[in-house]
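Quick heads-up: structures coming right below.
Each of the next two complexes has chain A plus one other chain: chain B in the first, chain C in the second.
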Partner chain A sequence: MDIWDPQKESMKRDEIEQLQLERLQATLNRVYKNVRHYKTSFSDIDFMPEDLQSLTDFNKLPFTTRQDLRDDYPYGMFAVTLREVVRLHAPSLGFEKPVVLGFTKNDLNCWVELMARCLSGVGVTKDDVVQISMPTWKILNTFGIQRGAELIGASVLPVSIKNLPNQVKIMRDFRTTILVTTPGFAMGLINAISSSGIDMITLSLKQGIIGSEAWSENTRNLIEKNLHITATDIYSLTEIFGPGVAWECHEKNGLHISEDHFLPEIIDPVTLEPLPPGAEGELVITTLTKEAFPLVRFRTGDLTSLNYTPCGCGRTHARISRISKRTDDVFVMNATCVIPDQINMIITKLNNGKEPVFQLQAERKKDRDTLTVIIEVTDTMFFDEIKKQLLIVDDIQLAISEFLGWNVHVKFVEQGSIDRKKQVLDNRSL
Partner chain B sequence: MLRLVNINSYYGLVHVLKNVSLHVNKGEIVTLIGANGAGKTTLLRSISGLQPVSNGTISCNKVEIANLNADKIVKRGISHVPEGRQIFRPMTVYENLELGGYLVYKSSGKKEQKKAIDEKFDMFPILRDRKKQFAGTLSGGEQQMLSIAMALMNKPSLLILDEPSMGLAPMIVKDIFRVISDLRDEKDLTVLLVEQNANAALKIADRGYVMETGKIIMEEKSEALLLNQEVKRAYLGKDKRDIWKNK
Partner chain C sequence: MRVKQLSVFIENKEGRIAEVTSIIAEVNVNIRAISLADTSDFGVLRMIVSNADQARDALKKEGFTVGETDVVAVKVEDKPGGLNKILHLIESSGLNVEYMYSMARIIDNSAVMIFRFDKTDQAIDVLTKSGLPVINKNRVTDD
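So, the complex of A and B:
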């Protein structure tokens, strides 16, 4: 496999650290000057950027959370003026104050370079046909992957996840070699191919880059065995740009994180203390090259560990272990982040402002993920007329399905039957 | 090749360099741009041993050189072309080059020194034509070429240039930058270049650092700095759109 940027991707550890220190100091100088949130939070702990002498001093800095990004809506976290911004992403519109990210031209170019690294890392060349099958609500991901593939010179075919039989035909007729998609789609493809009658041997697929939600080694084995491809993982973080933050190479020994662009840390999610390499904890990321929307010590909520040993592929940047768990109740299903607080808001609105007691049950049935919202019935939600009762169930079901972009089931249960300590019951084995 | 980590320096009580970290890899041209008073010249002087460093490290090929005497730094293969040329005006071109090659004379004798001077004349033929002329009577561009030639006499591995385009006509600036670019391409010379003419510098540099009030605020490839709107506005001149709007 080719290394896209061997000078950067195979740097020695001391060269990586020097570059990180320079870029971190430059980033802190810029955010302190231009971003009110960071100026305030640094001043609160009596920290000036020139106080940072080494990467270990960095531990003193405060964290940035998703709530901070929402609180400073619309432009409070922008480090450049709006006229520098050529792209805006709004990945989660559910909250009253959504998170909106900005990108300068250089930010977009960086993203494209990082995607080219990822795609080259699994062997994509200019002779490949890259089919990007993403749900419509993940359209932002498609932009970066598409441009990264085009930079390499590959042919790109961006499609949705609908109409699997036709997608299989396109794969056969246009000789798709690389499939970038979600685990759900990849599993659905297996069934679609076998029921289409198309012989696997007529397909040119060789590689799957699977991401947007957690998927297990079992799922990998199934995909690889049934589609006759190598399947590798990719990590997306919508608060940075989407996919390309970290990615697996064919060694499948952790996901490479580009340390010349990101400074990763692992912290204990309870004590917030840094953890050593190898220990599992919450991934915290600082961006080193983002101009419009830099993030300092951003808590991702994802649980993983760091490995600094060079990889067998020749790359020397750190690797994170595959991510399947989070520190909070947020989970990913059908390539969407399901945030219990958002579901709570929707039901509360339909319940005349009264907060419900509810539980989210995620299950996998025949390779499809389903979500059931179980709600304890209350006076305001109970009607002795079945017709009225069904109406409210339908209303809630419609509202949540519309919000998530895919159908959910809603079920009412009697009061007291939900375990209040478990708001999320994820029965999928990931 | 050159690595600076957390360099701090003061003029009296004034903190002029605040935790400056940068590096220059072998064979690169790296430029440092910034407004007047940002600390660029001070930084170069601190590398050359002309400005004391209060803390931080400067290493050249992994050897610590911070606060070494200037002559020792020259012996380590770092040559500095200062701001404003600073050639010896009452001496001839040839004599200036002899002075620039003093270490060559000391280590290898007059013959080697003459050979080195002839090489510089091959590089800058105009200096051969003017070799007996007093350096103070040369034009600005010729003086700059002489200054660079003096610095190259010791065959340095790292050349530091402080505002080589200052006070020169645009056509001469083009020539000077072409010379710098050729030195990297043909002689594998590593260059750290400070410039206020950020456009010209970024066009030949591989990477750039932007300095503001003693701090580095940006480090990027030069193409990215040329695209950065803030850098454009602050250091590369107005956007064409702004110019037309004012008309």
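So, the complex of A and C:
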């Protein structure tokens, strides 16, 4: 496979570190000057941007959390004025104060460049038809992939994930060669193809770029075998770009993180101490080129490890191991982040402000992921009339389903039957 | 005129009703009437007992969710059209029966039905005015 930008992607380790240090100094200067949050947090530890002489000095800087991003709603974390911002993203509007990201023209160009690296890295060329099948609520992901593919010169076909049989037909008739989608959709497609009677041989598919939620090697084998493709993983982080932050090449041995744009670290999520390469811990990312929405030591909540050994593909950028776990109870299904605190908020609101005891149970039935919200019944949610009891079940079900964008099942159980230590029970074999 | 009914939330799983009845038996309370409404996931057990407060406390202590509702006990003539007469009267008065079930005991040689009306006071009023015998609370619960 071609390397899109060999000069950058195959830099020597010392060159990478030199570039990172320079870009980091520039980033710290900019955020110190323009973002109140960073100015305060740097001042709190008596740190001035010019104090940074080496990458190791960097360890003392404070972390940035998702809560910090929300606290500064809407534009507090921007390091440029709105005049310079050409794109705004608010990936999860469910919060009272959602995270709002801004992009300058340059930021968008970087994203497109990174997507082109990823896409060409798995073999996308001018001759390919790239079908992007994303759920409508993942529309933000589609933009970057689309423009990256266009930069390469491929033909891009963005579609939603509705109506599987039609998708198979489109795939056949448009001679789709590259499919960008979620693992859940790829699994659904396998069934749709087998029940459509369409012969796999009539399809031109060769590569799948699969992401937006965790998937196992087992799922990879199933997808590859049944769709006759090579399937590679892609890591998205909505607080940075969406997809394009890290991606697998055909070596399938970790996801390349573009170190000329990002400085990754692994920390112990409990002690917050840095961990050595190879150790599993929480991924922390500092952006090195972002203008509008730079992040310094951003805690992603994703558990992974770092590998600095140059890859068999010729790239030298570090690789993160595939991510299947997080440090919190947040989990991804149907390409949506399910955050227990948000579910709690919805139920509490419908329960006259009283917080419920509840558990989220994720299951995979056939090719579909289903979520059941188990709630312990209380006096405030219990009625002698079945009609009223079912009404509150319906109300909660509807509110959560509307919030997530897909249907959940709500079930009431007796008090004391939920294991309070387990807010989330993910029974899917991902 | 009102009779206190206990309702208990139970999951659809083995032995839950027996669990409720044994708790009530242990505190020496007598069940006068019982009915179960169920859905695929859960059921609501409704009961008239000899001592509602005692039964409620015992059930709550064991972690059950217990509701209290006022219902009306009405004597039903044991002959064709007996129940029909009551239901017609309720309907023509613009009232609704949310649910009903029968009592295990006979009072004054009559069958007794427990009614949950949407408007309890108005229903009692209508029934009494029409000479349909609403039974006093004590006669329903006491020995």
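Operating definition for what follows: the second predicted complex is superposed on the first by the 430 of 430 C-alpha atoms of A that agree within 3 Å, B and C clash if a C-alpha of one lies under 4 Å from a C-alpha of the other, contacts with A are read in each partner's own complex, and residues count from 1 in each chain.
In this text, a contact is a pair of C-beta atoms (placed from the backbone, for glycine too) under 8 Å apart; a residue touches a chain by one contact, two chains touch by 3 or more.
Just so you know, these numbers come straight off a predicted model, no measurement behind them.
Within the superposed three-chain model, A:Thr378 lies in touch with chain C and out of touch with chain B [touch as defined at top]. Contact with chain C, but none with chain B, is seen for A:Gln389 once the two complexes are overlaid on the shared chain.
In the superposition on chain A, A:Gln415 makes contact with chain C only, while chain B stays out of contact range. Residue contacts after overlaying the shared chain place A:Pro49 against chain B, while chain C stays out of touching range. Put chain B and chain C next to each other and count what each touches on chain A; the higher total goes to B.
Put simply, chain A touches chain C in their complex at residues 377-379, 382-387, 389-390, 411-417. Across the complex, chain B is touched by residues 15, 18-19, 21-23, 25-26, 29-30, 33, 49-50, 52-54, 80, 83-84, 104-106, 109, 289, 291 of chain A. The residues of chain B lying in touch with chain A in their complex are 3, 5-6, 18-19, 21-23, 209, 212, 215-220, 224, 227-230.
In the complex of the two chains, the chain C residues touching chain A come out as 5, 7, 9-11, 16, 37, 39, 41-42, 44, 46, 63-67, 69, 98-99, 116.
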